[in-house]
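Shared between the two complexes below is chain A, which has chain B as its partner in the first and chain C in the second.
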Partner chain A sequence: MIPALTIVSAVVAFPLVYSLWMSLADVNLLKTTGPAIELFGLRIPLFRFVGEANYARIFADPLYWGSVGRSLYFVAAFVIEATLVGLGMALVLQERFAGRTLMRSLLLIPWSLSRVVVGLLWIGLLDFEFGALNAALHRAGLIDTYIAFFKEGFTALNVLVSVYMWNQAPFATLLFLAGMQSIPVELHLAAEVDGAGYWQRLRYVTLPALRPILFLVLVLATVNGFLMLDLIYILTMGGPGYDTTTISWLGFQTAFNFFKFGPGAAILYTLTAFCLVLTFVYRFLMFRREAAA
Partner chain B sequence: MATVPATSTWSAAGGRYRIRARSVANTVVLYALVAAVAFWLVAPFVWLFITSISYQRNLLSRPLAFMPPEVTFDNYRMVLGLVRFHAEGQAAKILPSMLNSLTVAAVVTVINLVVGTTAGYAYARFRFPLKSLSLYALLFTRMLPTVVLVPAFFLIFRAAGLQNTLTGLIVAYCSFTLPFTVWIMKAYFETIPDDLDASALVDGCNRLQAYYRVVLPVSGPGLVAGGAFTFMLCWNEFLVALVLNTKLGTTTLPPVVAGMNGQINIDYSVIAASGFLAALPAVLLVLCFQKYLVEGLTAGSVKG
Partner chain C sequence: MSTTRRRFITQAGLGTAALLAEGGVRRAAADKPLNFAGWVFKPDTVKDYVEFYNKKFSGQVKYEAIPWAQYHPTMETRAFANEIVDVMYCNHNNRERWFENGLIRAIDDLPGADELKKKMAPANLDSLKSKDGSKVLGLPYFTSLFILIYNEPMLQAAGIKAPAKSWDELVEHCTKLKRDKASDTPFLPNWNNSPSGTMPQFMTDCFSEGAQVFDAKNRVIVDQEPGAAKAMERWQKVYKAGLVNPEVLTKTSSTDTHRLFWTGRYAYHTNHSYYLKTIAGEPENSKLAPKKAKMAMYPGTGQTYMWTDSYVVNAKTKVLDDAWKLVRFLGGNLNGDWYVQRQWCLISGLDNPYPEMYDHPEIIKSYDGWIDLKLLREQYKKGKVIAAYKEPWYSEYDTKAVPIVHNMIRGTLPVGQGLKDIVKLQRSLA
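Up next is the complex of A and B:
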């Protein structure tokens, strides 16, 4: 058991600490001499320690704060969309109907796709020249000319939100369905005997019972929203201009397109710090639930 | 509220009570909603398949025909290198990268099943120093931006000569799949009564034997969930492979498909074919193990 635990901590903890160090160092990829640590016979460069210089540099950059703003908008919109659509699908799927098992399988399709495929597939729907959604809207007479979904910055950002929501909402639905299944049937029966209709039962029985799950979904969606990168790569590359450059994309680009590993790691670490806070929130909620149960 | 839908929203209860009939109107509404959800979930994926068996000229025609007027498998032939075409250099990468994806995903899955489940068992059954701290750390890594680890991997692998190797990718993938597997398996083992281990110990097994001979054989569903989820994550992973393995022939399928998407001279229909090939294994895997996967994942997250 001990080796297993050691492996787990070694492959996660070391890179984590090392990238924290990088965020505090002047990382020069071309320089291989200088201070280094020996680890299992590997010489891992430590570079020059510069303290908070990288953080000072990114915090002084208006692009950083612009990206924070876009990230906040992205996350807020994504959390709302994913939660509402996830809950809505769960409310439909928990009813009795023919083909319920099949529907629950279909639920997993968007979620099991690689984000590369998710991106490609939505290009097929949204493209200015051959997008099927454009064609459908046009045929229905709702639009006269095809919409260029990725041309205008704010539209592109919202499209990213929705595409990511399509991919992620099914998981929220799974969690909501699991939560609904744990509601004692007597509660519903009692409410119905008391004359409660569908909406009243939803309001007074289902939703209150789902509260812990709702928090879970919100926390997970928030974290996932802040971290989303791959769809930006496929669909917009942070553009037009910087209009879809979120904080995670900025960090990724800084590190891997411009090879500024120090500032890149610093940007990504501000994200990490935020996720740490969310972990506390999540843990706190879970402990409270366990105490209540 | 005149038309109260007298339905069973608590369907998990099965036959424990009499289901009142639903009114016709409500039935219609329900099935319309179900159809809408099904369409929302599946139509985009189906459209990907349709475009992959269409000619680009038909996709560009207006009005667009939603049923393709001509069906062709040329796109798949191009992607699989069976016919020559102008971007065959790009397409030629598909099959080797698919093999790389398969290798990486399979090896990581095996490592996860061996190491991750053992660690999960340790968390579920033992008290040890720093347990709650490491459990906390584990939870944190589940919330961790994996991308923050990538610069570190980049430099470490450069020092270790693991850049552009499948071994490097395997190590990197283990670092973000293991916390998930440990978590899922911990939740699963907690559902198996302690008494089972205890009776094995009384019968003369040591802890390890109790684990391998008694607990693991009844942990099938948990193992399937953990394994399928790990495989899916690795098969689908994009950014880490993109950054760490840049050399031709060393990367996995998603970066290659994304690379095709970046080429303006490749028709969308061809890209769609490669995308569909990239999607199919994960979708089939998830659909096959649907039941276990849902149980494992929801238990792992819901029970915390």
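Up next is the complex of A and C:
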């Protein structure tokens, strides 16, 4: 028990507490004199405590609130897309057809790719100058001039949503498939005997049984949506303007480009708060009836 | 013939063998290993330099390449963990902060530093100095500046006999090329979203219009400079007219941006000088090689933004003599040989602030394969350095000003307001 607790503390609790402390401190990694704690022979500087100053500072910055708005939009669009596409693909792959096993295997490829590779792949498809999609559309006579997918900020943000959905929806599919396979066949057979068609069985048997999985998918998609950073780095770097700057990108920039680790940690802790709040909202909305019963 | 990595290794090997055969190398092995780190730019080439150094000087240098995006934060977190990286790359934006916070030391008191300082172009030397001008913080890794590049075959095919000498002429050429369907987007300015893109390009074009960006106290003054407004109005105009690839605003590096010019579909490009080496000197990559893309003097005043990145010595190094020796090998002329500085010129067109290097026949011959060296030297005389990057607020200003400039370019923010916003941003951070 004690070794397990020690490992959990070292790996999870300490970084969590220390980073929370950093969000309340004036952090300069190059100035580590001053108060410190000793852990296993390591000197861990505590930096100067500044209380809520870092949070007050970021909340006073209009850029932060703009980023919050874009993050919420990004997460909402991504969660809806990833959940619907994931569920749709799972329903298709649940059916019996030739090549189903192969399709299930191929499905995992987008999810298994590194996000840097995903970004580069989609640049190859969408680029204004040499994108394969533009070339194909042009060759098919569907467009006269190439489309600049990243020219307008809102379009660029939606492209990011779709690319990320392409990358992540297979995982949702996998979870939904696992959930579907755990539904007793007898339930479907009984519904069929009662005269239920495909859509009725989906509505009254499959979807209710998938509720715990749906909750998991929503929570994971929400957290992943808020944390998404690498595609922004590869595809837009937060631009044009600030139009694809989300909280995660702002936090990353603040900490690692401006070397303001205190405010950077504060920004990223607000992101954690958003994730927690939304998790509780999902839980409340999905399980309130059960709770009432 | 340009120098390739293979050729470099061969030469290095032969050179070492010859020296060993002559007994010309004093084999005084370094007592302790020395850690050297840099960001990723031709890491195999740097590894070759280090191997060459270790063989020639019996060194124990351990080299590590770290991706550019994480490089400076990684160095800081390592310092935080009390790890000593004895010799490091440092870009100009971080040098002063590293010095003020005790991560690196000045080099003035080290043997041979004064001679090297005398050999450096004064503007580059200023650039390497601490904010108060009293100390030199490193030796140069490379220097560069913005240049104007043009696609000669495209201009000739359109009946344009000479590259633009003024901005008005450049816009006129681009308008004609678009109208004649010679190019969809003839102009490729370096408006990318990285620290090496939009803002250095902004300063360059302000300078070329005769505007100052910072005053003597490093405060941004672009709202008082008609030249800055003129440059921004021009940017807005060319963007609105569809003369520029609209996605250049979301390109993530100057490298990605310059590669677009390889296609031969653009007429004019503004970017760092060394990129012309790949555009005009690498036929395997670029349709504009050999020498179909050329450099022209920057329009307007001809002044462009110039900077110097550096090799620095860790203030806590326990092997100071060895660290300084390596830094002189990399950024100077250890034992009278500008070896690494020369190789960077030959391999990558990375310039350095030592004018005497450019009298070397090998360099003259190599540059002749991709650029008009005489014109480049003239351009360097008009290179303009700033001191504002030595301010603690500079990195944040430099990043946060990009969206303001992009909004001016896209016309979502009027030029007058945008320039005021840039000033306001700087004041809020200072």
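Methods note: the second predicted complex is superposed on the first by the 267 of 293 C-alpha atoms of A that agree within 3 Å, B and C clash if a C-alpha of one lies under 4 Å from a C-alpha of the other, contacts with A are read in each partner's own complex, and residues count from 1 in each chain.
Keep in mind that, in the parts below, contacts are C-beta pairs under 8 Å (C-beta built on N, C-alpha and C of every residue); 3 or more make two chains touch, one makes a residue touch a chain.
If you're wondering where the values come from, they're calculated on a predicted model, not measured in any experiment.
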Legend entry - Partners on chain A (chain B, chain C) - clash or fit: clash
Legend entry - More chain A residues in contact - chain B or chain C: B
Inset, instruction - Pick one for A:185: touches chain B only (first), chain C only (second), both, or neither. - result: first
Inset, instruction - With the two complexes superposed on chain A, say which partner A:95 touches: chain B (first), chain C (second), both, or neither. - result: first
Legend entry - First (chain B), second (chain C), both or neither touched by A:104: first
Legend entry - Touched partner set for A:70, first chain B, second chain C, both or neither: neither
Inset, instruction - Considering only touches as defined above, state whether A:241 meets chain B (first), chain C (second), both or neither. - result: second
Legend entry - Partner chain(s) touched by A:260 [first = chain B, second = chain C, both, neither]: second
Inset, instruction - Using the touch definition from the top, say if A:127 reaches chain B (first), chain C (second), both or neither. - result: both
Inset, instruction - Kindly point out the stretch of chain B, out of 6-14, 96-104, 168-176 or 240-248, that overlaps with chain C after superposition on chain A. - result: 240-248
Legend entry - Shared chain A surface residues [contacts with chain B and with chain C]: 29, 43, 45, 127, 129-130, 233-234, 255-256
Legend entry - Residues of chain B touching chain A in the complex: 1, 4-13, 16-17, 19, 30-31, 33-34, 37-38, 40-42, 44-45, 47-48, 51, 56, 59-60, 62-64, 66, 115-116, 118-119, 121-122, 126, 134, 136-141, 143-156, 159-160, 171, 174-176, 178-179, 182, 232, 235-239, 242-243, 254-255, 257-258, 261, 268, 271-272, 275-276, 278-279, 282-283, 285-287, 290, 293-294, 297-298, 301-302, 304
Inset, instruction - Report the residues of chain C in contact with chain A in the complex, numbered from low to high. - result: 69-70, 72-73, 76-77, 79-80, 82, 97-98, 101-103, 184, 193-195, 245-247, 249-250, 252, 260, 263, 265, 395-396, 399-400, 402-403, 406-407, 410, 412
Inset, instruction - Can you check the complex and tell me which residues of chain A touch chain B? - result: 1, 3-5, 7-9, 11-16, 18-19, 22, 27, 29, 42-45, 89, 91-97, 99-100, 103-117, 119-125, 127, 129-130, 132, 135-136, 138-139, 166, 170-171, 174-175, 177-181, 183, 185, 188-189, 192, 197-201, 206, 213, 216, 220, 223, 226-227, 229-230, 233-234, 248, 251-252, 255-256, 261, 264-265, 268-269, 271-272, 275-276, 278-279, 282-283, 286, 289-290
Inset, instruction - Give every residue of chain A touching chain C within the complex, in rising order. - result: 28-32, 43, 45, 63, 127-130, 145-146, 148-151, 156, 233-242, 244-245, 253, 255-260
